Amino acid sequence: MSIFTRDQSVTFGDCDPAGIVYYPNYYRWMDGTFHEYLRAVSSGHSGVCAQLGARGLGLMESKLAFRSPAVDGTVLRYAIEGITWANKSFDITYTAHDGDRLVLEGMERRGIFIEKDGRLRAGETAPLRALLGL
Amino acid sequence: MSIFTRDQSVTFGDCDPAGIVYYPNYYRWMDGTFHEYLRAVSSGHSGVCAQLGARGLGLMESKLAFRSPAVDGTVLRYAIEGITWANKSFDITYTAHDGDRLVLEGMERRGIFIEKDGRLRAGETAPLRALLGL
Amino acid sequence: MSIFTRDQSVTFGDCDPAGIVYYPNYYRWMDGTFHEYLRAVSSGHSGVCAQLGARGLGLMESKLAFRSPAVDGTVLRYAIEGITWANKSFDITYTAHDGDRLVLEGMERRGIFIEKDGRLRAGETAPLRALLGL
Amino acid sequence: MSIFTRDQSVTFGDCDPAGIVYYPNYYRWMDGTFHEYLRAVSSGHSGVCAQLGARGLGLMESKLAFRSPAVDGTVLRYAIEGITWANKSFDITYTAHDGDRLVLEGMERRGIFIEKDGRLRAGETAPLRALLGL
């Protein structure tokens, strides 16, 4: 069962000359899903960062597999399927569906970036995990 | 009274290093509001173009006045406030509010672009006006 | 004569299903031209803001007239044609050409946003004008 | 040695409230690098598609590892480091550097999408490989 879902309508300008979604937009919406999740279960990205003394819950890696196309008018249901925790990073897995049809499978690896001596470093994930109740 | 309204959530990545919305995004959402309007009252942009023999309901001009800032977490209510019809173009006026607070006032001047002898020309607006019931 | 010019290549993903540039991208590039100008003649946006005690050289209004289309492969030459100074705002006029062909005419009205008592206000433009040597 | 390189300037609006590049933009520039490569060594995406009877050289997967941050003013050198060919897909590997500093490592898996009986299918890669002289 998904942890969180969010609907995203695809509009004309999101699509390229082939008439299908220009793929960086899929990443925008994946990132936006994570931020809406933080807002839904906690105080949003800025609130969470303030509580953790962090500059951002930033990206280390991301990827998407494009399983079928989406076009102008498609309503994509983005879902966070799970979060896997390591000491200093966490992997968020995503899907996006158009009804029953799988459109995307994705992953973001994020860290909790803390500024120390003018440099950004990845901090421990345990405080975030506690804050999200996971 | 507005002709059409649509809510748009602002997310972290829509904002710039000053923490406020990067302004080209406001245009994306204004354009998207027009496309959602076409979908709500008719058959969407591609359906309307097919009925009119047009390549697109394209832009001649657009503008926005930024009345107050929007940030991560703002829910903007975009509204089409009116459409003014000329023979070969039409002006769509917009506002966007955060609750009672005015964030944007905007305008798009669009034409019905028809391909003729390999060139795009603006066609008569009357058929579109009839199709939209305005 | 132009104050500043900058070339911008149009790529496939900048274009919409009609095969022409999705218009919010034109605003991205207009804004980017202003920022490159600040970098070329001064210390860039962040440097200028630091010197002026400002949070940003933000937008009050912007507009574009779309005179002819640009497509995948077009190289647009953006130009700042002039800056008109008022006490608390300044208007930057732009064009963009593909060779001799006029593609865009645009304007940005910006202010120097200063934070005071937790609110952003437009400050005097004279210090910026001096800093840019205009 | 890289197959192809292209410089991309980072501007203010490409960055998020943390002051670093909003990551979907890195994908825009990776995709744009592939399209500029097609233009440099052949007739560009639309020309190549016309020669191959394809609708697009579309994405199956993409990923990026974010090795270090880029900010307003960074000039990123995107490079195509290699292309690995399978029968019905090909993997393009990328890096992006700021001078000597590695910023990104990425991959796109693309197919040659051919429309057949109203559906898009991945065609043989051999004709593209021949066309690119690889």
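Chains here go by letter, A, B, C and D, matching the order in which they are written, and residues are numbered from 1 within each.
The rule is simple: contacts are C-beta pairs under 8 Å (C-beta built on N, C-alpha and C of every residue); 3 or more make two chains touch, one makes a residue touch a chain.
Which chain is which protein? Per UniProt: A, B, C, D = 4-hydroxybenzoyl-CoA thioesterase.
Source: prediction; values computed, not measured.
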item: Contact-richer chain pair [A-D vs C-D]; value: A-D
item: Whole-Å gap between the CA centroids of chain B and chain D; value: 31
item: Between chain D and chain A, distance of the C-alpha-averaged centres to the nearest whole Å; value: 22
item: Rounded Å distance between chain C and chain D, as computed from the means of their C-alpha atoms; value: 28
item: Residues of chain B engaged with two or more neighbouring chains; value: 12-13, 17-18, 22-24, 28, 31, 46, 72
item: Category of the chain touch graph - line, ring, star, complete, other; value: complete
item: Interfacial residue positions of chain B with respect to chain C in the complex; value: 17-18, 20, 22-25, 27-28, 31, 46, 55-56, 58-66, 69, 113, 120
item: Residues on chain B engaged by chain D in the complex (per definition of touch); value: 12-13, 15-19, 22-24, 72
item: Of chain C, residues touching chain D in the complex; value: 9, 11-13, 28, 31-32, 35-36, 39, 44-46, 72-73
